[in-house]
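Next come the structures, one after another.
Two complexes, one shared chain (chain A), two partners (chain B, chain C).
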Partner chain A sequence: MHVKQDGSKYGVGISMPRRESYEKVSGSAVYTDDMVLPGMLYGAVLGSDYAHARIKSYDTKAAKALKGVKAVITAADFDMQRCGMLIKDEHPLARDKVRYIGEPVAAVAAIDMATANLAMQLIEIEYEELDAVFDAEEAMLENAPILHEERDSYDGIVASPGLHNVASYTRCQEGELDVWETCDVIVEGVYETPAQEHMYIEPCSTIADIDPMGKVTVWSSQQSVFIPRQLTAEALGIPMTKLRFITPQVGGAFGGKCGVTNQPVTVALALAANAPVKLTYTRSDDMIMNKSRHPSRIYMRTGADSSGKLIAREAKIYFNTGAYADEGPLIGSVATFFSRGPYKIKNMNVETWCVYTNRTKAGAFRGFGVPQATFAGESQIDELAEKLNMDPFDLRMKNMVATDDKWLGGQNIDHGTLPGCLKAVYEASNLRERPKQQKLDNNKWRGIGVSTSAHVSAVLSASAVVKLNEDGTITINTGAVDIGEGADTILSQMAAETLGLHPDDITYTCTDSDTSPYNYQTAGSRTTYVVGTSVTQASVQVRNQIYKHASEMLESAESDLEILPGSFVGVKGSPDARIPFSAVAGRALNQVGGPIVGMHSWLYHNTPFDKETAMIEGFALDGGGVFCFAAQVAVVDVDKDTGKVEVVEFWSAHDVGCAINPKSVEGQIFGGVVQGLGYALFEELVWIDGQISNPSMMDYKVPGMNDVPYDIHAIILETQEKTGPFGARGVGEIPLNGVAPAICNAIASATGARVRTIPATSERVLQEILKLE
Partner chain B sequence: MNYVEPSSITELMNYVTTVEDYRCLAGGATLVAMMNVGLVEPELLISLHKLDELKGMRIDQNVIRIGAMTTHTAITDEDRLTGNASLVRSAAGQIAHSAVRNMGTIGGAISHADPSADFPAALTAANATIEVLGPSGRRVIQIDDFFVNYLETSLTEKEIVMAIMVPLSPADAIGHHLKFSRVDGDYATVSVSLALAMEGRICSYARIAVGSVAAVPLRLKEADDILIGSNLEESEIARASELLLKSSDPIDDVRGSSSYRKFLIPRLIRQAVLQSKKELSYT
Partner chain C sequence: MMETISLTINNEVHTVLIETRQTLLSVLRDKLFLCGTKNGCNHGVCGACNVLVDGKAMRACLLLAITLQEREITTIEGLSENGELSLLQKAFASHQAFQCGFCTSGMLISATALLDHDSTPSISKIRHELGGNICRCTGYVQIIDAVKSVCEGKTDCT
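This part shows the complex of A and B:
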């Protein structure tokens, strides 16, 4: 933190407003769909009518003949190749087969939307319908129809497990298998979690423009400029020199815009029409054609001795990945990795299957497999506590991991911050004094529930370029797309802190695959840690160069220099001996040394699994690291007449190492809690005969303002992360992970009814209540 | 598609009688959404915004006349909606969220005749009458005869809703619209509308309608009759709701299964009646 001459504070640790707030609040921010290019055409995508069918023939003549239609494409027109982040199993437009209702099969570009929509009705496709399967476990049965006959030959980084319709299989086993007889209490149950829709405000939208040299520039609502460029290049067989990806403002993503969405189809349309094309999904198309969170069914068993010491856990996790794997294998691996929860359980045996079915695919979503595993695990902790006649909080305290304990798979936990989080929510919620169950007016009952959760906040690679401008200001350039979480602001704050500047003296570039240095994507709670490290290190290089010049200019040793407010570098203790950054820049540019640029690039190395203690099979990740922890408490009121649940108060404690921007951290916590509340109580895509029956905001409901408690208490703890920039860890996903079990544990405490299927709709809650009556 | 804004009834009737394929545009909350997804594509859109007769509210002989173009927000804010008519206010404030309430109108809401909407049940319980105008003149339709089927009313072709008349009496009645929905702002899974009055410990007036449980709002005179003259004891409420439950025919959809809705019917009726009884005992 620094103090400006006017006394205002800036830098790391300050809740400065988001740098793009004004644009967004005033409506002047430019999102992809706001852009209009001269001669721009409008694209539309035709979805399959069948859940599973062979494509026999296309007839696009009538559509092509329609006045105003400039291109009609199918996979037959373009030699589209299969692409995918982990398994190359998906064409941008279905080729040979369709595998879910709504799967893109053809696309149109026309002079306006009405013409494009009309043209779509004129496309004739002949299908040969095949049997379809919608449930993950049913899909694994031998007589189930096969979605990907060629799965074993697909390229990708995840090998086929050779099981019927299984995209990937993961197993982790530690300790002994036959320990169940030594357990005094055992709980066993089946937990089901829904396909949650990301429901970002801005549907997927892409514009592709071609220049006379044949180079295509793509603006899109996306989470990276690099991954979608790579996948588009692969799918269409275009070299990356012919593709430039840029990200305007993004109206939310939450993982739904990881990988590719509709970029390859838009590029193909622009190439076919030889004109700029915009393709913006309608809300329904977005819900039907783009991914959701993996629905899961989890069979779990946990055992403890009579003192409450956890002894063993076994889980079989089925992830329904829909028609394509997307990031499913990685999400399945992460679910396995987090299936023990932040507890010491010596004997673990967990298997996860990521299974193809004839539904819209599932993929990345805030939490990335952890919410599913946490729902089952944290429910069982409470179920065990009940059987043991123990307080569920005490049971957690007794078994939780702390510093230098090992995670599942053997990684060391360098900062075991869970005890602090648990204590913080215990005190803030006054848990000791609160009744577990309380009767209110009418037939309403109040209960309280606790959960813990964990996450990692570092994966893969990033880089940053930091430049000193001629006037002494700074430009930072990274490949980190700010999807609304505030990366542009906190990365500016880190550079400002390092260089002693006000963030107003720092500008940042929008992500552009031609000019930004590489970054994987905005995902995995990793930007603060991974990109933040690069920005900080590159800023340190700039600072060192400034010192070197200044030392020569001021004829003082570098160690005697300091950075002063207002972009000056001066000699400590001599107020008059100072020069502005602009003088340093001028000297570097014109006299000595050349332009001042800092560059940092790195790859985060996961701590590998300990193969001595753990049997690891099929993992799509090679380890973990930078663990973060959270504890949450929910107070709910349940109306026993209707089953309706109201969350009345919520506490969420997070050890973020260092809050670069505390308001932003709070924002992540509030948002994660609310999205988790929707997952717990309301949100669920419902398929009827293979068709999504609620693909609109009318039928698929996210919580409204009045469904969210006024009091969500965000508790920020700051135990410095030794390896993080300014000691920071990520916080983007973890606030969502434990919300559903905290709420369901509170429902159980209020009513005695245990809901093992979320969302815990009023109807499901009432069903469980009636079972007890 | 063409668009017109008639400013007189004569002009309106002129369009209505000469054009085959038209739609009236009120708040557009439903109509524009239907047009966007291609469900309706009228040749002519006749906006009702410039017709003064369809605007505002006035009281005449203990009946409040609400112009068809009155928005849900205006109704929510109207403090002349008292006694029996307070029911309409209670319902209006629970429709959707403020953006929709600022646009949607009472005339549009009942013309659309969605059984899961709030006004159909509320106006049924409030014993409203509907004033309509057609090529052959004006007539008044009793609310019990207005809703015919799912999205179907007894308006004949080319008839337009002009106003909704709601009796203020019984003046000592209170109105309650109990809306049960998945989240705030959603359509009701089940709603219970009732107007209730008591003389001492005896129920002197009762009219109950249940929404979202059949193709039209569900109301039974026999059920009301059980309550009228009773002490509104649990057993009497149960008998009345049993009758309504038997006549219900709810659908299965994303808002709830048919069986869940059937569970809710007696429970919500009980909650609504007991709540009103309690309130009345304070006044």
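This part shows the complex of A and C:
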């Protein structure tokens, strides 16, 4: 933290307003769909009418002949190739086969939307319908129709497990298998979680513009400029030199805009029409054509001895990945990796299948496999506590991991911050004094539920360039896309802290694949840790170069220098011996040394699994690290006559190492908790005969202000992460992970009814209540 | 069918050639390039397109532009004056009452309408009145805090 002459504070640890505050509150922030280019055409995508069918032929003549239509394309026109982040199994437009209702199969560019929509009605596609399968376990049966006949030959980093319709299979086993005899209590159950829609308020949108040399510039609502460029290049067979990706403001993403969405189709339309094209999905197209969270069915069994010590857990996790794998293999691996929860359980045996079915694909969504595993695991902790006649909080305290314990797979937990999180929610919610079950008016009952969760906050590579400008200000350039979480602001704060600059003296470059250094994606709660490290280290390099020049200019040892507020460097203890950064920049540019640029690039190395203690099979990740922990408490009221649940208060404690911008951390917590509340109580895409029956905001409910409590308490703890920038670790995903089990545990405490299928709609809750009577 | 109409938007009269079935949202965004008003669903559910019509918050995606010739329309662009933000806008900035910002225009319009009619709403009234504006990012707490701070006359909380 620094203090300006006027007393205002800046740098790390300050809740400074977002860099882009003015644009966003004045309505002037530019999102992709707000842009218009001269001569721009409008795109639309035609979806398949069948859940599973062979494409026999296309007839696009009538559509092409319509006045105002400039391009009609199918996979055949472009020789589109399969692409995918982990398994190359998906064409941007279906080729040879369609595998779900609504799968993009043709696209149109026209002078306006009305013409584009009319043209779509004129496209004739002849299909030969095939049998379809919609349930993950049914799809694994030998007689189920096969979605990907050529799965075994697909390229990608995940090998085929060779099982019927299985995209990937993961297993982790530790300890012994036959220990169930030694358990005094065992709980066993089947847990089901829904396909949750991301429902970012900005539907996917892309604009592609083509220059006379054939280079295509792409503006899109996306979570990276690099991954979509790579996948577009692969799908269309275009070299990356012909593709430039830029990200304007992004109206929310949550994982839904990871990988590619409609960029390849938009680029193909622009190339076909030789004109700029905008393709913005309608809300229902977005819901049908873009991914959701993996729905899961989890068979889980956990055993403990009579003292409450957890002994064994086994789980079979089925993830329905829909027609394409997307990041499913990695999500399945992560679910396996987090299936033990933050507890010491010596004997573990967990298997996860990620299975193809004829539904819209599932993929990355905040939490990335952890919410599903946590729902089952945290429900079972409470079920065990009930059988043991123990307080569920005490059972957690007894078994939780702490510093230097091992995670599933053998990684060391360097900062075991869970005990602190549990104690914090215990005290803040006054858990000791609160009745577990309380009768209110009418037939309303109040209950309280606890959950814990964990996440990692570092994966893959990033880089940053920090430049000293002629006037002594700074330009930061990273490939990190701010999807609304505030990366631009907190990365600026880190540079500001390192260089003593006010964030107003820092400019942050828009992410551009041609000019930004590489960064993987805004995903995996990794930006603060991974990109933050690069920005900080690059800033340190700039600072060192400033010191070197200043030491010669001020004739003083580098160790005697310090950075002063207002972009000055000076001699410690001599207020007059100081020079502005601009003088240093001028000297570097014109006299000695050349431009001052800091550059840092790195790859986060996961701690590898311990192959001695764990049997690991099929993991799409080679280890984990930088664990973060959380504890949550929900108070709910349940109407026993109707089954309606209301969350009345919620506590969520997180150890973030160092809160670079505390208000932004709180924002992540509030937002994650409310998305988790929707997941727990309302949200579910519903398929009937392979067709999504609620593809609109009207029919798919996300929580509004009236559906969530104002009393959500974000508790921030700060146990410094030794390796993190300023001691920070990530917080983007973890607030969502444990919300559903905390709420379902509270429902059980209020009513005695255990809901094992979420969302816990009134109907499901009531059914469970009635079973007790 | 095309028709030329006059719309009064942010105290300025715009004469514009529209399709008779065109919504106000489409006219604002596609004809007048007032793109601060957002399209989140186009079906009247999310509130991202909210504008003030004679001081009342309404869904621009559900209004036919042609029916609004005698009305006063205010969009997000009209909440600030000569670049100077309103108190509510400033409070949204200082409370970080947005993340991605896509719901923010509509949220600010609804909150402006609320405070115009009741300068000291209770939290439950705020939750009720803004209940039709969906935000997928913030969890709403900081939005409520921002609105409250304006009622209480303090917008700076940094």
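By definition in this document, the second predicted complex is superposed on the first by the 773 of 773 C-alpha atoms of A that agree within 3 Å, B and C clash if a C-alpha of one lies under 4 Å from a C-alpha of the other, contacts with A are read in each partner's own complex, and residues count from 1 in each chain.
The criterion applied here is as follows: a contact is a pair of C-beta atoms (placed from the backbone, for glycine too) under 8 Å apart; a residue touches a chain by one contact, two chains touch by 3 or more.
All of these numbers come straight from a predicted model, not from anything done at the bench.
Within the superposed three-chain model, A:Thr761 lies in touch with chain B and out of touch with chain C [touch as defined at top]. Of the two partner chains placed around the shared chain by superposition, neither chain B nor chain C is touched by A:Gly39.
Applying the stated contact rule after C-alpha superposition, one finds that A:Val702 touches each of chain B and chain C.
Comparing chain C and chain B on the residues of chain A they touch gives the larger count to C.
Touch criterion met: A:Ile14 reaches chain C, while chain B stays clear of it. With both structures placed on the common chain, the touch criterion links A:Gly214 to neither chain B nor chain C. Shared-chain residue A:Asp641: touches chain B; no touch with chain C. Look at A:Glu485: by the touch rule set out above, it reaches chain C but stays clear of chain B.
In the superposition on chain A, the residues of chain A contacting both chain B and chain C are 698, 702, 704-707. Remark: chain C residues 29, 33, 35-43, 45-46, 48, 75-77, 79-80, 83, 85, 89-90, 92-96, 98-105, 108, 123, 126-128, 130-144, 157-158 touch chain A in the complex. Across the complex, chain B meets chain A through its residues 38, 97, 180, 182-187, 189, 254, 256-257, 260, 263-264, 267-268, 270-271. Within the complex formed with chain B, the residues of chain A that make contact are 117, 442, 641-642, 644, 682, 686, 693-694, 698-707, 761-763, 766.
Contact residues of chain A toward chain C in the complex are 14-18, 20-31, 33-34, 36, 198-203, 249-254, 282-283, 483-486, 663-664, 666-667, 669-675, 696-698, 702, 704-708, 710, 712, 714.
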